[in-house]
Every structure is written in C-alpha cells, then in structure tokens.
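Shared between the two complexes below is chain A, which has chain B as its partner in the first and chain C in the second.
Our next item is the complex of A and B:
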C-alpha cells in the first residue's frame, strides 16, 4: 500500500507533527488511557474478582455512602488549604526572591529541593519530626520553654496540608518567579513616574499580570490537592479515626484492603468528574480576571 | 511560564493531570514478570522474617530442586497490594507468607489452593496437624480443608522494665486494677507508666479479657456483651486521657511507637508480642526486660496471632511449593529460628523444648499461647474482614486517640458492621 504524500505545506507540517507526537500518544494510550478505560469498565462490576455485572449500582452506592461523602469533604478541605497556601506562600517567596538579594539563587534551590524529593521520603521525615514524644520539633519547642504539641492528633489535616505545602511551595515559587520576570519593567517605571507606591504597583500591575500564572497554580494545586494520597498513606494512615481519610486513600483502601475493585473504580470515576468540573469552573472564572496592558 | 498560556493548553494540561493518576491507581499493577519462570521459585515474604534459619532452608531447597529461590520481601500492606494485583493478572508467586487472616479470605475467594491432598499424603510424617496448636489449624482451614500452614504462632503479653518496677517497689501487674495502679506509680519524670499502640489489632487482648465475643454468627450479635466491650475500650482511653499514665498514640502505619518509647526508657510497660523483643534487645541491650503473663479481667487470655504460608490457586508448581512448606515448618527449623530471634512457633512439641522452658522470656510467651484466642475467626469466614478492620481502626482511634466516648463510638461501629455482615 502506498502512502500518500500530503499536497499542501500545511498538510506536510501536520503529518510531521503527528509523527513526532506518536511516541507520546502511544505512551499515554498504553499507560493512561487504556487503564482509564479499564477502570470505567471495572466500575460497572462487583465482587472480589470484579466479575459480576453491577451496572450503575456502584455509582449509586458511592453517592449514598457516608464514608465516601466524609472522605470527599476532608479532601476538599485539604485542597482548599493547599491551594490558598500555595498561592500566598509561593507568591510571597517569589516576590522576596525576585529582589536583587545576595545568595538568592541558593535560596531558590533550597526551596525547590523538597519538591524534588519523593513524597514517601518527605512523609517518613515529617512523621518522625512530628512525633509528639520522640520527634525533633517538640524537643525544639521544649528547648525554647514552650509546651509540646500533638501535631498529628489535634490538627491532623492542617498538619499534613502544611507538610504538603513545605514540599510543593518551591515549585509554586518558581512558577511565580517566571511570571514575575515576564512582566515588562516599563510598566513599573511608568507607574513610578505617575507616583504609584510599591503596594499600589503590586495590586494594579503585578497581581493582574500574574493572573495566568495564578490560574495555572490554582488549577494544579486543586488537582494535586484532590488527588493527594501519600500524605495520608505514609504519615497518618488516614487517622486519627478517619480525620485524614483523603479520597484517593479511601479509594485505595476500598480496592486493596476491602477488596472491592468495582466500587473503588466507581469512586475513581466520580472523583475524576469532580476534578474536571472544578478545573473547568476555575478556568472560566480565572479567564474573566485576566487583563492586558 | 508564558503569561499567554491558552485556555486550550490549560484544559489539556489540567485534564491530563487530573485523569491519569487517579484512574490508573485503580487499574491494577503493570504486568508482573513471570513469577513462575522455569528455574525460579518465587516466594513473597515479610521483610522482618528474613532469618538465617530460613536462608539455610532456602539453600537446601535450591540444591534439592535445582531451582533459584526469588525471595521477595515486603511490608504487609505492600505485600497485599502486590498479591491482589497478581491475582488480577493471573501471574502469581509459588508461595506466600501472610500475616494471619488472609488464608481463609483467599480460600473463600478462590485465590488460595487447598493443601488437603498434600496433608493427607504427608501430614503424618511432618506431624501436621497433630503437632500444631489447634487454633493454628482452625484459622487456616475452610469448609473442612486445610489451605495454609502456620509458620509462627504469636501472642500479646506484658513487657516491663524490671529496674523501673523494682525502684517503684512493684511486682508485675496481673489484673487490670493492678495494671492501672502500677502505671500510676510508674508515671513520673518524663516516663509513662505504659505506652499503648494506635494499631487497632492491639485492642483484642483487652476485649478478650473482658469476655467480649466479636461476632456471633448464630445470633448476629456484634461485640457482645456490649457493656464489657465499652468497659474495655474506655479503660484504655482512660489510661491516656483521664489517668494520663500513657501518651496519646499517633495514628500511623507504624506500630513500633510503644516499643521505641519502651526502648528509650520513656515507658515502663508495654503490651506487645515477640516481634518487639529483637528491636528492644538490639537498641537497648542494657534494659532489664521482664515479661509477664497476659492480664486478667473477667478472664486471663490473649490474642493468638502469627503468620502462615499458603499456595496461590494458580501457582504453577504446587508440589514444589508444598516441599518448601514442609522444609520451612520442620521442627528443627522452628528450633533454629527461635534460637536466632526468640520467635514463637506453632508446634506443640516446640512449647515443650527444654530451651523454651528454660528461657524466662520465651517460656512466658509459650505458656500464654495456651490461653490465646483467635478473635477474628467468625468475621473472616463472612469474607468481610477487610471492611470490619477498616471500621474497627476508625472506632479504636476515635476512642483511644480522640477520646470519643467508647459507648458512642462502639454503637456507630456496630451499626455499620451490622450492615455489611448481614
């Protein structure tokens, strides 16, 4: 069979582009889209071997399951903390390290290192640091004459959100730094000539022009917040009680502890729908706030 | 990042990031390398049980059968994840060590092979089941057939710091009342009288001592008598929150917290099993370790635990798997493993060995095995142990860590359990 050569230049460009994309498409198809299809198919089945037809029964059960509802609310609360923290801390650090400070490159690298570290290592590290009896943090507090804290018992969700931020804020900072460096200096100069102080320039120039970056950061933070797993798995095991029973951890337990792959797959699909919905709403809302000068 | 990132770019990026990891997490593991490759005998083993005594068995097994043993070591949760993925893919190991409870679960689901034909043929020669403690045979059988062979038989009892009790003028406590009084007296100067475990499986000795039956399939009663179960749970919570003789445990996948406090001299007593003996001896060789019989309340009893071996239903060479089982559970191997690590064994003859009877630590554990019960048996046979354990973990931590009234938490637990045990 002969391969027809596209006659137009655009056609030839398109064919070249698709050829370059082919390895990535094959990779995603094999390792992501086929498993996704498998999950959707499994969600319609039930039993320890997921070999009995259940139709939409798993979806109906999940929507009425108080444990699913609870883990979803826990996850949303966790995601809100992570999103707000990522934006506020990431932007603050980016603004600080965008200044002509000595050693700022070193600080940037130091802040980025936790992001490059595996969540398992970060989890084990913080689990030991936060141990109320044998952990380093309470020893430091004791050295300062302060009372020890039950970090993982009194505010477990906030604590694992803080650990997540500690790990991820360096990446957010890098994104904001790139955004800041993309804002032409002439805008600030013009504003200075017009008598605008630093605070006013931040609100009227920097922040509006960072809107696309902020949108990207918030979208990614929502997605990663709703998908968080390692923090609950490594640090708290979902506890105390079910206080940190994040959705993906809950789904994992339904699959691998209670051995209900159909039910866990249905919950996965529902979580995907929620994440996509959140993302679309964010994009729609975020685009309204964008400005150009 | 470009400030002109298009909406399409964002949707594409966000959609891909959202969909892929969540969904692929549930899609089963990537195809495993063939566990039954010719010449290779694959065994899934607990990372903490890689004893020299078993390595010797492996070397002999390899020589006798002309195979290479691929001993894959896991922590229990990871082993379970891997095993379930293997069951789904159909590529299974030749032999699996399990933490107790999985044999019946996988027998019910058809993933474990019955060993009854091998037992009928070789049981007499190897002393199975005659030389095994009856509880170990019962927990590895389903519908009258043997599906697993117990490798270790353990139980939970009282470990104490002899020096601390001597300084306080105390004898090892025998009852709950004595235990509380001792813990009160021992709690001072940054030392807790006792450290309790956050892991829900540590609740069982208390419940058994209170006379609680977890599940009665004849009546459908859960955690009865209810008042006794509430009393057992509340007693533990009060040790932490009311009497303040124990630190608040921290929820985690790690159950070594009390052992670490005990080894560090920060807790005078812990309730645990032989798995903590080795770490205590290694990290605190100067600690004067005392072991006392299980506590008594309505009855003196403890929980039978320990690991077993089973052969997956799709294992390619069950005859070879059975040969490994026979070798690794032989009386002389039990003896060597105990000498090496202090681990307790399931053979009746093991409990009568002179070295077991003469060792002050092992002897107490060995005697406790006679009053050890398997509390999860009836729940396991319903096939709902996974759900039961998940709910029990939540309830136990709500009481022990979050100080929720025991009656309230237990009522919520039984309501939920009634739903899935029907």
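Our next item is the complex of A and C:
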C-alpha cells in the first residue's frame, strides 16, 4: 500500500494527528464502544450462551423482578446517604481547615489517607472492627462496661454508607477547600462591614458561591455511590438477608454466579440509565441554582 | 473558645481516621489468641513479625505482589505514554472530525466500569485472555480523564514554540518529545500518581478476570484469603498492611501533588 504524501500543510498536519491518534482510536473502539454495543446486544438475548433472541424480555423481567427492584432501591438509598454525608461532613471539615490553624497541613494529609486505600482494606478492616461477636469495637466497649453494638445487623445500609464516607470524606473535603479558597475575601469583608455575622455570611456568601463545588461533589458522590460494589462484596455479602444487595453486587452475582449474561446485561443498562438520569437532574438543578455576584 | 471547638472537631475526625489504621497495624503483629481475646488487645505483648512470613506460606502472596506491581505499573506507563500524546493532538491540531472524536472521547467518561464488565469478560474469554496479564491490563490502558487533563495542560503552551521547532526542521514526533513533553512534567507527575494508586487498589476487574490464586492482585488475593481463613485476622491484617504501605509512602512523599491534583479535577 502506498501512502500518498498530502500536498497541503493542513493535510500533513491532519495525517500526523491521525497517526498520533491511531492507538487511542483503536483502544476506545475495542474497549469502550464495542463493549457498550455488546452489552446492549447481550441484554436482548437469553439462554446460558446468551444466544437466543429475547427482545425486550430481559428488561420486562428485570422491571418486574422484586429482587432487582429491591436492589435498585437499596442502591439509591445508599447513594443518597453517601451524598448527604459527603456534603455535610466534607464541607464542615473544609470550613474548619480553612481557618488559620496550626497543623492544618497535617490534618489535611491525615484525612486523605483512607481515600488512597483499597476498598479491600477498608472493607476487611471495618468488618473486623464492627463484627457483633468477634469485633474489636464490642470487646473494647465491654471492657469499658458499655453495651455492645449490632450496627451491621440493625442498620447495615447506613453502616456501610458510613464506612464509605470514612474512606471518601477526605476527598470531598479537599474539593470544598479548593472551592472555599476561590471565594474572594473582599465579599466577606464587605458583609462584615455591613454587620453580617458569621452565620449569615455562611448562608448568604459562602454557600451560594460554593454551589459549583457542591454540585460537582454531589454528582461525583452519586455516580460512585450508585456503582459501589466492594462494600457489599466484602463487608456484608449483601446481607443480612438482602438489606445491602447493592445493584452492581446483584449484577455481579447474576452474571458470574448464576451465569445469566443476558439478564445481568439488561440490569447493567438499566442501572446506567438511572445513573445518567440522576446526573442530568443534578446538573439541571445545579444550573438553576447558580448565582453570580 | 471557637479555636478550641475547631481543634476538638478536627482532632475527633483525625482520631476516627487514624485509629482503625493503627489497629490494623497492631492486629498484624498479634498472636491468633490475642486477636480473639475477650479483653481486646490494642498493643500486642510482643510483636509477631513472623505473621508476615506465615502469610506467604498460606497464600501465594509473593505472586499477588508481583501481579499488582506488573498490572498497576504497566497501566501507569501506558497512561504516561498515550494520554499526553492524545491530549496534545486535541489541544494543538486541526483535522477533520476533530470535534466529533473529542465528544466521542468525553462521552466515555459517562460509562462506569460495570457497564463494560460483562462484555469485557466475554471478550477476554474469547481471546483466551482471562487470568492473564494482558487481560488485566488492556481494559485500562487509557482513559478520557487522563487525556482531558493533559489537553487542558498543553493548551496554554504557545503555538509559536511548536512552529519554531517545525521551522528548525524537527519531525512531528520530535516536536512532541522535546517541546511539549518536557513542559507537561508537573501534570504527568499527578497523572502517574493517581493512575498507579487507583490501579494498585482496583478490585472489581481483577476479581472478575482471574481464576487462579497465582494471578490475583493483592486486593483480590487478600479478600479471598480472608474468605478462606476468616478467623486468621492477624494474617489478613498483615496482608492489608502490605497493600497499604506503598500507597501511603507514595502519598506522604508527594502529598502536595495529590492535593493539587484533586483540586484540579474539581475545576471545570
């Protein structure tokens, strides 16, 4: 094959561009767009080899399947807990660290450490700590003469949401800190001269001007919350019962334990639709709430 | 008064963060009896360093470590090689379908991994790549986030620098290597750190794509070890420490880059 030399300069740059892009084009085609096409194609099929045409049957089954509906509800509830916790705790810690305190760098580093640990560590460690029978927390509480906890049985979803926050709150804190540092000090000064107290300044200046950061934090927290997996796999095994049967964990089990690729693919597509819908709603709500001073 | 309250809040947050991790280290040095003692042991009588050796005899932990290093290392290298190159093309070249391709690239940001999980599994099974390094590595060779980050970083580099190098007769590859790449070093540091840490910690795909213990990475090997020996918490804790230490050391050495990198991802 002979490669014709492009006559124009623009043509030569275009050729260079495509040459440089070639590996990326092949990669994204083979490992993103082909799988996306395949997951949709598989979701329309059934049988152990996922080779019999099923039309929208898998989708109809999934929408009518109480276990699937339950796992979606559990997942949305989990994501809501994680979002609220991320915003409230992340912002509170950022506001504290935004003050001219000694040792703030140390605190910032400390709070970020769990964010860099694997979900395997986080999950195993907290399962060991919280285990109602053997966990160290109950043995410490008993040593102090205090009653033990059964959180993994009494409030399993909230408990794994808190464990997730333990890991991720340092990340949201750093995002909020960056947002806070982007608010010009002059606004606060002007408000102070006008006699606004700290509480009022927080609600009227800090919070509205942080809106873009808050939006970003909540979008990221929803996206990662809706696709949480390790927490259910490692800490609770989806239980007790099906109380923490998070969607990706449910899909994983249908795909790799029940070996029903068609049904699990349809559920993947549905979960993707939920995630995209949540993201769009948040972005729209965020745009409406935007302010400029 | 207000200061005291702030310090109290931060101290509480710091303790809740650090105490579990310290307990993990303590647990890794306890005897099996100590891990289950009714009177909780927080500091072991005499540190059982032998736990770490025992871990390697109970599970192919040496393989786990090598696998994690190979997989996370190869993916990080691929990102450092391709992300800036592709970012450079989108930042500085005009060519047909440029905007279409860029939108198609950014659209992949909206695709969570679980959507690709089942088709990738089938693809790897058909290629015979399950339970191999190439199976663990190839799905993560590039991502839109890294490319976007590099494009943002390269865009402000003056076009005149590129033109001057071209007039001097430099080839396109040379322009990239000696004009663009040296200027991206700070961004490359952030990209490399993030990629390595996230791949080192990755859980779902190595769980799905490996079938024998010898091919597992540390997070997966450790979790399945714990399922098998769920009473041997001192050994699980020792494995956790091994998994934790490299990222912790990397982080403490480079925390400025990390914090700046996270803040960077929050900007539009």
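Here are some notes:
In this text, the second predicted complex is superposed on the first by the 262 of 293 C-alpha atoms of A that agree within 3 Å, B and C clash if a C-alpha of one lies under 4 Å from a C-alpha of the other, contacts with A are read in each partner's own complex, and residues count from 1 in each chain.
Definition applied: a contact is a pair of C-beta atoms (placed from the backbone, for glycine too) under 8 Å apart; a residue touches a chain by one contact, two chains touch by 3 or more.
None of the values given here were measured: they were computed from a predicted structure.
Once chain A of one complex is fitted onto chain A of the other, the partner contacts of A:139 are limited to chain C, with no touch recorded for chain B.
In the superposed model, A:276 makes contact with both chain B and chain C. Of the two partner chains, chain B and chain C are each touched by A:175. Of the two partner chains, chain C is the only one touched by A:13; chain B is not. When both complexes are overlaid on chain A, the residue A:238 reaches chain B alone and has no touch with chain C.
Shared-chain residue A:35: touches chain B and chain C both. In the overlay built on the shared chain, the residue A:156 is in contact with chain B alone; chain C does not reach it. Contact with neither chain B nor chain C is seen for A:184 once the two complexes are overlaid on the shared chain.
By the document's definition of touching, of the two partners only chain C reaches A:93; chain B does not.
Shared interface residues of chain A, touching chain B in one complex and chain C in the other, are 28, 31-32, 35-36, 38-39, 42, 134, 175, 178-179, 212-213, 216, 223, 227, 229, 233-234, 248, 251-252, 255-256, 261, 264-265, 268-269, 271-272, 275-276, 279. The touching residues of chain A, when paired with chain C in their complex, are 10, 13-14, 16-18, 20-21, 23-25, 27-28, 31-36, 38-39, 42, 92-93, 96-97, 99, 101, 107-114, 116-121, 123-126, 128-129, 134, 136, 139-140, 142-143, 166, 170-171, 174-175, 177-179, 212-213, 216-217, 223, 227, 229-230, 233-234, 248, 251-252, 255-256, 261, 264-265, 268-269, 271-272, 275-276, 279.
Chain B makes touch with chain A in their complex at residues 1-5, 7, 10-11, 13-28, 30, 77, 80-81, 84, 87-88, 105, 109-110, 198, 247-248, 250-254, 257, 260-261, 264, 266, 383, 386-387, 389-390, 393-395, 397-398, 401-402, 404. In the complex of the two chains, the chain C residues touching chain A come out as 3, 6-7, 9-10, 13-14, 16-18, 20-21, 23-24, 27, 36-40, 42, 82, 85-86, 88-89, 93-96, 98, 101, 104-105, 108, 110-123, 138-139, 141-142, 147, 172, 176, 197, 200-204, 207-208, 218-220, 222-223, 226, 233, 236-237, 240, 243-244, 247-248, 251-252, 255, 258-259, 262-263, 265-268. Interface residues of chain A, counted against chain B in their complex, comprise 28, 31-32, 35-36, 38-39, 42, 48-49, 127, 130-134, 150, 152-153, 156, 175, 178-179, 182-183, 209-210, 212-213, 215-216, 219-220, 223-224, 226-227, 229, 233-244, 248, 251-253, 255-259, 261, 264-265, 268-269, 271-272, 275-276, 279-280, 283, 287.
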